[in-house]
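Accompanying notes for the structure given below.
Note that the chains take the letters A, B, C, D, E and F in the order they are written out, and that residue 1 is the start of every chain.
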Amino acid sequence: MNKGLGYINIGDAFDGFVLIKEANRGMASNGKPFLTLILRDSSGEIDAKLWDITKEDEQLFVAEQIVKLAGEINQFRGKAQLKILSLRPAQSTDDVHVTDFIEKAPVEKEALMEKLTEAIFEMKNPTMQRIVRAFVKRYQDALLTYPAATKNHHEYVSGLAHHVVSMIALAKELHKLYPQINKDLLYAGVILHDLGKLKELSGVITTSYTIEGKLLGHIPMMVEEIGHVARELQIEGEEVLILQHLVLSHHGKAEWGSPKPPMVREAELLHLIDLIDAKMNMLNRSLEKVKPGEFTERIFALDNRSFYKPLFEEQ
Amino acid sequence: MNKGLGYINIGDAFDGFVLIKEANRGMASNGKPFLTLILRDSSGEIDAKLWDITKEDEQLFVAEQIVKLAGEINQFRGKAQLKILSLRPAQSTDDVHVTDFIEKAPVEKEALMEKLTEAIFEMKNPTMQRIVRAFVKRYQDALLTYPAATKNHHEYVSGLAHHVVSMIALAKELHKLYPQINKDLLYAGVILHDLGKLKELSGVITTSYTIEGKLLGHIPMMVEEIGHVARELQIEGEEVLILQHLVLSHHGKAEWGSPKPPMVREAELLHLIDLIDAKMNMLNRSLEKVKPGEFTERIFALDNRSFYKPLFEEQ
Amino acid sequence: MNKGLGYINIGDAFDGFVLIKEANRGMASNGKPFLTLILRDSSGEIDAKLWDITKEDEQLFVAEQIVKLAGEINQFRGKAQLKILSLRPAQSTDDVHVTDFIEKAPVEKEALMEKLTEAIFEMKNPTMQRIVRAFVKRYQDALLTYPAATKNHHEYVSGLAHHVVSMIALAKELHKLYPQINKDLLYAGVILHDLGKLKELSGVITTSYTIEGKLLGHIPMMVEEIGHVARELQIEGEEVLILQHLVLSHHGKAEWGSPKPPMVREAELLHLIDLIDAKMNMLNRSLEKVKPGEFTERIFALDNRSFYKPLFEEQ
Amino acid sequence: MNKGLGYINIGDAFDGFVLIKEANRGMASNGKPFLTLILRDSSGEIDAKLWDITKEDEQLFVAEQIVKLAGEINQFRGKAQLKILSLRPAQSTDDVHVTDFIEKAPVEKEALMEKLTEAIFEMKNPTMQRIVRAFVKRYQDALLTYPAATKNHHEYVSGLAHHVVSMIALAKELHKLYPQINKDLLYAGVILHDLGKLKELSGVITTSYTIEGKLLGHIPMMVEEIGHVARELQIEGEEVLILQHLVLSHHGKAEWGSPKPPMVREAELLHLIDLIDAKMNMLNRSLEKVKPGEFTERIFALDNRSFYKPLFEEQ
Amino acid sequence: MNKGLGYINIGDAFDGFVLIKEANRGMASNGKPFLTLILRDSSGEIDAKLWDITKEDEQLFVAEQIVKLAGEINQFRGKAQLKILSLRPAQSTDDVHVTDFIEKAPVEKEALMEKLTEAIFEMKNPTMQRIVRAFVKRYQDALLTYPAATKNHHEYVSGLAHHVVSMIALAKELHKLYPQINKDLLYAGVILHDLGKLKELSGVITTSYTIEGKLLGHIPMMVEEIGHVARELQIEGEEVLILQHLVLSHHGKAEWGSPKPPMVREAELLHLIDLIDAKMNMLNRSLEKVKPGEFTERIFALDNRSFYKPLFEEQ
Amino acid sequence: MNKGLGYINIGDAFDGFVLIKEANRGMASNGKPFLTLILRDSSGEIDAKLWDITKEDEQLFVAEQIVKLAGEINQFRGKAQLKILSLRPAQSTDDVHVTDFIEKAPVEKEALMEKLTEAIFEMKNPTMQRIVRAFVKRYQDALLTYPAATKNHHEYVSGLAHHVVSMIALAKELHKLYPQINKDLLYAGVILHDLGKLKELSGVITTSYTIEGKLLGHIPMMVEEIGHVARELQIEGEEVLILQHLVLSHHGKAEWGSPKPPMVREAELLHLIDLIDAKMNMLNRSLEKVKPGEFTERIFALDNRSFYKPLFEEQ
């Protein structure tokens, strides 16, 4: 049986089902058309070329089509590329589904929802609890399926909820170690901080930025929406302002998209927790793909660094 | 008769009424208390010390008190300081008023309001016109009295409206030179861009930052409020989003407080017009105080540069 | 009839005359030679490949040759590329000329010269007027044909004069709004500021940098030449120094090529006017090519931003 | 009874024992000598002046002398200053000790040592355990008394051990949340990372930098010493290299003193844990001194930010 | 006879022996495999493609194989590329050797060693002399063959020793001009400063970074090793610390890899001498390849600048 | 006898002649006027206060007056300050002269001129030689007396010529080590590079910036003047351009005032030689004032670093 696309090496043969993520027509130097394909399964992606295509090929092999494929892994400009030896579209009898080929959070939606509900239940400040509850109710479906980003970290189905639930666990432990922390405020900040992404990003499968997302960004959109929700719930009091500040400042610096830096203890912590969970997600997933004694690929969002897995690590 | 405080030189005598802007008690090296005063009239400010004060002095000479004062201008650490020879509080018979000592825009409130009304009247896009009209109506009094900033440029009574009205004139001319510009959008952007300052700043006379202003800043506050107003007026359509973008991006760069840079033509222009009018305000007021052949004081908000007035300039 | 090259879309057919801007020989993977062509007309440029060429092809299809061509627009690495179906060199009977294929300012040379003459005539300071007049006389031909730059803004025939004349219009209006401005000085600065480019750049059609341009740059070259002209005209007085300062500082910052920042009011304004006119030129030409609801290509000289044309814009 | 110096406000009276931290002689403007004192107790510091001093005063009131003092708190240039009304050196009958006036970690040395021992005991990798044990044994006394820094965070007696023990707790919890973490490596990194400070800093009470500390810094000194210890223990294997890397990279960036950035998962985490614990230490100690609705003093090592304590916080 | 690869121009024919530095298999758009070769001789490198290869070709034409080759120089994407017309592996009868194709320092190893010995002999401080002598003895072979870097400057056989010996000559002259310099210290710094590269780099011919080199870097490794050598020689005294400081600070700034900047006169000089010799090496070798009136290729390590050779230069 | 002001320590008594460099009147907290004096001799400067002054004192103790003074050195805000015990103006019988109190280059003007003449004589390129000769002739007096800067390095009488002559010696040695250097070009660059300072600075004793110096700076002024001299001498050829480039680029980077970076080998070297000689001048003069085992004062122009003099240095 095949290893997933995220784990194959140069020289490996490959035989199995994959999903076409993108298909672009090109013209070869011999004047014949070809397709550049990006193929994926739930473990990773790979590029491939399909040479000398016919009109039918062009119509068959399009984005979101599942295909059965045999080939081998070559190297092209220092990157793996799949050389296609044979391919056909999947048929209903193959019993394969688009969702089989998309990366998902390692935790189920129901479990994520349960953790969220539990955290909200723990909160004692009624104002914060009401605001958070209103948001979770309003966005429950999207919150449980959206990725946390289009790339870099938690860029998979349910990625946003997975990120939030991990951060809640971190918040809980930090509160135990530093009891001065206002746990309700930190929980509320964690749950709300990235909800603006539900409007900034276009959806779950082929995620891009909405026009609103490009022109305003998720941070100001969420600050505004907290204002709307507070009006609807007829809530007043400093909680609204402080929650808006937590969302506004959670990128930490103006250069990173926060026009105000954290100026409340829990805002500073929210920024740090966000950072740790994003970094651990990237590090763990990259290191999982290499053996002891090797370096990972360069990780763009970690300053393009490559990480070493020491020889004494056992997988 | 005296020249105003903004125009006196080292060595000059001074005799007249001034307003105490700040009064702080200190302890001299001989163990006796004294007051450090910041005095102002409508042309400028100066520091002064009042030595060997009594309890009564402390109660008499406080912020916002007008005083009659005689003294001379000395130099202390390279800065002018007024040496007080005599002083007494102003009396009702003196017929002097706090507003006489505060700098005001060189244009009257009524004239500013007229220009604003005219600009709104010129607008053809009904959506933008309605939003702008709603804001001007809601904030009319504050808009006509607030300064545009606590320091640097247009930091005087009616400064904000003065700045806006100058920018409208600039916008009008630019539209003539570059007819591709959407004049309605640019006018709306000019009128709304800094209205968040009415909540960011504490008031007209001793202006400081509100807590909301410190934790959110005028830009996100105004983006949110445009959202509220649009909901109240039941307005939909891209105008709301684009106006929010103009406000959000008008500082030009993330480092300067705009989480998104201008991405609409009129947003770029709004940023440039804002810059020009602020710079001309600072330059003209500084150069007015020096003679041909001299350099101005360093102007902090112009990269701390000092400007030269050429010999061929006639005042 | 064809749309110009600047306006065609992927999938369009094309049939018409174009100018070869560059032709480079390559070797295909099948060992046969081919030509990489850059084709242009007055609206834009496109890349094309001519496969399996003969010796004759190599001699026929060279830079500055006009060709009649039929083809279609494909996409190659995310960029449009013209697939050539047939092509032949233009003949004298085709009645096409190199100048038909080169972008020109939207205003005629005569009209530009008239505006310049008018501005000089308006000047009252005789010293500045003499210097400006001497330069315009000396460089009249080049000034009316050179581009303002090799790329980014006003990079077309008569681009420099077009830029200068637009800036004069801006200067005139700013002077009305801020009467403290010395209009003569600002006009003189506008006319002289980029004249050094006539020596920095190699010419009008295939513009590159001269050795002098590379080793000194147009700013110090122009500062020096103002000195020479002043000596020739036996002019003394601060006007010469101040004009040199305006030229020297018009890029605004050391990092941008001005060893001194603006330190005279009109120097600051010259920098701002230059910026506005360059930005409006880039923005208007980019936005003209997209429809409402779309973003422009990234504009390198505007921090690589892409601009949105709102849906409420009508073309 | 008095509040500690860290908690007094302008206008308060003070009567009690304090320690002289620094005493500098100056010359007043009336030509008479005076002393500028920095006074401290275990909660904070304050400046004071002693005017018109005698030769005896100069000999009595020196650094590390305890004094009994009555006075009141004035403001001088925006900072609190103690006005001395009476003062005398402490006598043996007063039963006060230098150590009463020095800030100490809120945890006792024995408890800190116990936590350290426990952590080392938990380690399973024998190589790392041997190295860590050798260091703790060699430096036990200093490790349990040194501050973690001369200012900013954990700048008190036992500060270094307090910081290390807090970080161990953090490491333990993170390991539970992200089980991929190599806990032994992270523990070893935490314990060793700042031990170079025992040679970089001069001591516990009036802490300054040693010459070696200035010319090399604690990071390269500790990297070297790990090498020495490994040789002495005749240890080989990648553990030594990886531990050296953790120490070397724990400041995160070249600009912050780490010539290599973290390139091992636990190195990245060590940097993050260090950051969190340092920040929480500064934040909690600053916020403790203000009331709900107030901002703290600016905290230099947190980008000079001032933090707000929300109204809904109850102390 | 052929010019070397570093001196050939587009259009030249080439016929001679070269060494294969790298050989990578690719798949052409016609589905046939090909090899991308990097070929080198002692003067430079060039890329080449070998199309339609057989299995035998793949086995024959591998890295470190010498080949006899005829071809011509084309241009591909603005870079020279060799079009192979015929090629065969070198045979023993050809009497060519790998070392003939590798760039070497222009000075022989023996001469370099002699200069080093002479410098050490000149030193008067016995401590420094002992340390330097111990290092040169320990690493003599590697020191005389290693390059000074993998690219940029002195990236050839014996490059490190060549760099050191040039720097000694510079140090000697600077000491004459500025007699305050401690010549012994500067000599010792020059000889030791880059010795860590013997462990940071993998070897002489296909030089890459070792894991230790990547995780620690040559600077901290050498600081540590000076410590070890001092212990072995039982040396104490400030000389050890100061030598460690010279090595630690010789990159000049934290951003460039020196956690401490130079804080001793000779440390500052060491940094400057290192800079001058590296720059002269790059400049002279680049300028040698162009004619008067031309610019060199861009030199990456000189801020990507291109240098001009004036017309009045005669070669 | 006294040590010079540059060598005295806190606590020393002082009795001797000094020059008043600056005298500023202030008002003490007891209401009486005083003078803040900056006093200097040929070795350094010190601040002093003269309390309770009379009108006569104000007229006697002015800038450029020599005084006989007794006092002692105190510390004020961490800086040495002279406490004046007695003082009187110097009389003609004292036989002291202003020039006795001003720092001068350690080499006589005649010797400097001789070195310059010798260097010019060595030059073989007649064009460069003519240009250099014309400049030295035109500016001989100023060149031999001006400082090289107002502060930081060579800020003493004949400092410019001293700097130039040191740099010539460096250039000569570098040419021996790297014979590819064009010595004539480097010599010419060294002699001309800072001559613009003769117009940028106001004079020898109380040196400030001229208006021309502030608005243009010495670099563009000198580029222009090379152009004028070349015209007067009717010189054509690339030498003029290249010399202008050397002057233009000698600060190395746009941020440091060179709108073009060095793009000719000798331009790069000129920048490096300038740097070395300036740094050695600052370092040697600072280190001369401290003992082995001590750090110098922070040196502003060396990134505010403080340098250590090792214990093994013997003075």
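We take it that a residue touches a chain if its C-beta (ideal position, glycine included) is under 8 Å from a C-beta of that chain, and two chains touch if they have at least 3 such contacts.
Here the structure is a predicted model, which means the values were calculated and not measured.
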item: Subunit B and subunit A - chains in contact with each; value: C, D
item: Subunit D against subunit A, contact positions shared by both copies (same if over half, else different); value: same
item: Pair sharing more residue contacts (C-beta pairs) when B-F is set against C-F; value: C-F
item: Distance between the centres, which are taken as Cα means, of subunit E and subunit C, whole angstrom; value: 44
item: Chain centre separation (subunit B, subunit C; CA means) in Å; value: 40
item: Subunit F, residues touching no fewer than two other chains; value: 29-30, 211, 214-215, 242, 263-264, 295, 308
item: Chain pairs in mutual contact under the definition given at the outset; value: A-B, A-C, A-D, A-E, B-C, B-D, B-F, C-E, C-F, D-E, D-F, E-F
item: Residues on subunit F engaged by subunit C in the complex (per definition of touch); value: 211-212, 214-217, 219-220, 223-224, 227-228, 231, 241-242, 244-245, 248, 254-260, 263-264
item: Residues on subunit C engaged by subunit B in the complex (per definition of touch); value: 125, 166, 169-170, 173-174, 176-178, 180, 182, 185, 237-239, 242, 261-265, 268-269, 272, 275-276, 279-280, 283-284, 287-288, 295, 302-303, 305-313
item: Subunit A residues touching subunit C - in the complex, by the definition given at the top; value: 24-27, 29-31, 211, 214-215
item: Subunit E partner contacts - residues on subunit A that touch it in the complex; value: 28-30, 34, 49, 51, 74-76, 81, 83, 295, 308
